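There's a structure below that I have some questions on.
Read from first to last, the chains carry the letters A, B and C; within each, the first residue is number 1.
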Amino acid sequence: MRHKSGALAVPLALWLVTFLILPVLFVAVYSLLKRGAYGEIVWTLSLHNYTRAFDALYLGIFTKSLLLAALTTAVCMFMGFPLAYTIATASKSWRSLLLAMLMVPFLTNFVVRVYAIRAILGVEGPINSALIFSGLLTAPLVMTDSLFAVAVGMVTNYLPFMTLPIYVVLEGFDFSLLEAAQDLGARGWSVLFKVLLPMSRQGLVSGAILVFIPVLGEYMIPDLLGGARTMLLGNLITEQFLKARDWPFGAALAMILVLAMLGSFALQRALVGKGAMLVQA
Amino acid sequence: MVRGQCLSKHKEKPRPAPHLVAKIITAAAFSLLLMPLLAVVIYSFIAPVPSASGLVWQPSLIWYERLFQDQLIATTLLMSLQVAAITSAIATLLGVAGAIALERGKFPGRHLLSSLTMVPLVMPELVMGLASVIWFACLGLGLGMHTIIIGHVTFALSYVVITVRARLADFDISLEEAAADLGATPAKVFGTVTLPLIAPAIAAGGMMAFTLSFDDFLISFFTAGAGSDTLPMRLYSMIRFGLNREIYALSSLLILATITGMAISYRLRGLRH
Amino acid sequence: MLEMRGIDKSFDGQRVIASVSLALGAGEFFSILGPSGCGKSTLLRILAGFDHPDSGEVYLAGESITKTPPHDRPMNMVFQRYALFPHMDVAENVAFSLRVNKVARPERLRRVDEALALVAMDGFGGRRISTLSGGQQQRVALARALVNRPKVLLLDEPLSALDLNLRVRMQTELRSLQRRLGMTFVFVTHDQGEALTMSDRIAVMNQGRVEQVGSPQDVYERPETAFVASFLGSTNRLSGHFAGPVDGRSTHGWVDLGAGTRCMARLPRLQQNLPLGKQVHLLVRPENVYLGKGEGFAPESTVQNSHRNEFVCTLCDIFYRGATVDINGLWQPNKSLMTATILNAAALPADLRVGDYARFGFAADDAWILNPEGAQ
């Protein structure tokens, strides 16, 4: 009780320092190093990697990744909010069912889910089959291996991450506030934009963070759905580690990603204030 | 708790129904989420069969047969299960101890440690994965099952700590005081009162750690050495490097496993109340 | 037998208990009464060992137990919300302290049955806590605290969660239980009616200090501070200036109420050194105020040989409360409101109306002069 010292926390603290803090610090250190001609590490500190990162070559990748992340977040919000609202306002029994329906994809293996998108959009998939069968198309539409497929994959996979925080906020929401607004003369859309959305701000911002950052750093979805031509930030970073063997450069790119993450937290704080905390998993 | 208070909690005022537009979007969202999974399951049960008029699609269990004969699948499944079990054990031990200290203890650096525990939740997996790789290289630690476990425990810890801390925060401390008052030493209080009452949260945390570890792809991708692939990694290879219809069967089984797991945990929670 | 000396406690810089010293005898039903936030629960927790005093000592049978941890103190507590272990059934809850003290099984079972019978909960052994009503849970908590035969039983507002009828019933049961067991009970409550009904002695607390300790009669009829007077029962409060002691007697004094009116009232022990002219309160309980109508009407007074203070007031309210009638009268000269609680409505003149003049009176022995700043 009161007497409990920090002794119990020591193993936890040691583990986190050893396997989380130090590694990340090393990434920061690595990002300042250089790759030598034969792949060895040259221990001279410089910001060379960072300046290289902003080359025109890579800038295109950054822009594409940012835009895709923003688009995904926006679409997820657009779909996720009504979804969360429907679940939160359903009757008790329906609510459990709808939540279960949301949780099944959420808990299903990530790789499986991505593969399922590929199956759906594939040349022999149900969409193409249906279009050909109904005569609207003569040859199948190639939808996979494209940025479009990546976008679909991102939205599908991250929609639950957006929906759950919003749901949690709406679940505890005092709906009599909406009735009060209507009583005072506000109509449909006004109630939505003037009362409901502002008050669900915390859930929306949490959801946005849970979507935007991971999407920025996504590797598998662009890799499996985007084909050879699609290169996003996640692929670029991974490539430095697997193919190019330029760990310092990859580290620098990763640090840029971390900075983006910290930036969005600052933004979250500004938008919602100190009370906001990421919704518990 | 007086019974009267209990009853009033269960009656809930009906909430305003969603607009038609919201309902349409909801239907679209659920289709988007569930159709792909449904398609995979359906495809796992049909196969092309040569016939007089060319290839015809018929119901078949052939992909499942091939799946069960695939040695590599069996190996990677075993690897995933082992990794998940060990990860769960380590993460639960460290996490429960840490949660108790964080929630109940008073020591310097408590707030710092608390924030630190949340870092894996927000840090992109990619960064954690490559940070681990760099670190292991610097330590001269070869990659293998042990490094996968280390990587998994690091992020599973956060979930265990959150789950157990939430339960501890909810905990009625007067129960512990009553036990002490009646003569139990602090150790006995923990054993006879605290532990039994937080046991469900510990179990939930442990199961979550297991599931997260089993499902993980990216961290495993970075931290596995040659020959210690996990199941999601194998699945990824199969998808990337060939059109192999066994994938449908494997995916369907994983979906089934998820649904079963959810049903079991739902049942367990129902039993508690 | 149980003694606290010079207990001081602060939380976050806020003084919660200020130099409290109390001495309790064996077999006493002792109540600590006060409003929420006065420190009474903290005092109980210090007795139980859950909180440590910043200074001061606690003694049990002459030995200091200030540093003893709760599990080593021969005292048990009944918690406000019972704190019954939800994962054990009734019998296991009651048996808890016996198990911890490694009492043998047959003995344990016997004593559990005994304890449950004591609180009229026989046969409930196998029931789960969640199936019990509030009153039943309270009895189980009681049985659990008694089964180990502690020297002192601490009760932290145990009846506050019960509804009125049940609460009244439990008050009687607790009192008779305590008498039967001959155990010292320390009972914390904010309900003055409860404290008055059940206690041998009451300590009235306010803002961390004990303002008065005495029998229920003492604190009710002879309050030593304005707080005690107003916390127990209701009271009329008239403002005036101290006009000196009544000649020859140090126990009574005069209060000048203005408009040429002087009242005689008791001077409590602690107020002996009041300076002349000091602003004071004159306290008299409504049930001690009698009523007469018109001029010259002198009703029967039960207080013989006591100076009677009388005023002519305008009736402004008449509240019929079933067993009693409350009548409010306004004394014009300084706009003081006086309430008289008449216990026998039939004794009142039948044609009493709001706006009538009536004579309000009270005996000097029923009134108190108090320094509005408190006991010091």
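Please note the rule applied: a residue touches a chain if its C-beta (ideal position, glycine included) is under 8 Å from a C-beta of that chain, and two chains touch if they have at least 3 such contacts.
Treat the numbers as computed from the prediction; the structure is a model and nothing was measured.
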Chain contact topology (line, ring, star, complete or other): line
Chain pair showing more contacts of the two, A-B and B-C: A-B
Inter-centroid spacing, chain C versus chain A (mean Cα positions, whole Å): 62
Chain A-chain B separation of Cα centroids, rounded to whole Å: 18
Chain centre separation in whole Å, for chain C relative to chain B (CA means): 57
Sites on chain B at which at least two other chains make contact: 177, 180, 186
Residue list for chain A, restricted to those that touch at least two other chains: none
Partner chain B, residues of chain C touching it in the complex: 48-50, 69-73, 75-77, 79-81, 83-87, 96-97, 100-101, 133-134, 144-145, 148, 161-162
Contact set on chain B toward chain A in their complex: 12-19, 21-23, 25-26, 28-30, 32-37, 39-40, 43, 93-95, 97-98, 100-102, 104-110, 113, 116-128, 130-135, 138, 150-151, 153-154, 157-159, 161-162, 166, 173, 176-177, 180, 186, 189, 208, 211, 215, 217-218, 221-222, 232, 235-236, 239-240, 247-248, 251, 254-255, 258-259, 261-262, 266
Chain B contact footprint on chain A (complex, rising order): 1-9, 11-13, 15-16, 19-24, 26-27, 30, 78-80, 82-83, 85-86, 88-89, 91-92, 100-105, 107-120, 125-126, 155-156, 159-160, 163, 175-176, 178-179, 188, 209, 213-214, 216-220, 223-224, 234, 237-238, 241, 247, 250-251, 254, 257-258, 261, 265, 278, 280-281
Complex contact set, residues of chain B against chain C: 1-3, 172, 174-175, 177-186, 188, 192-193, 196-197
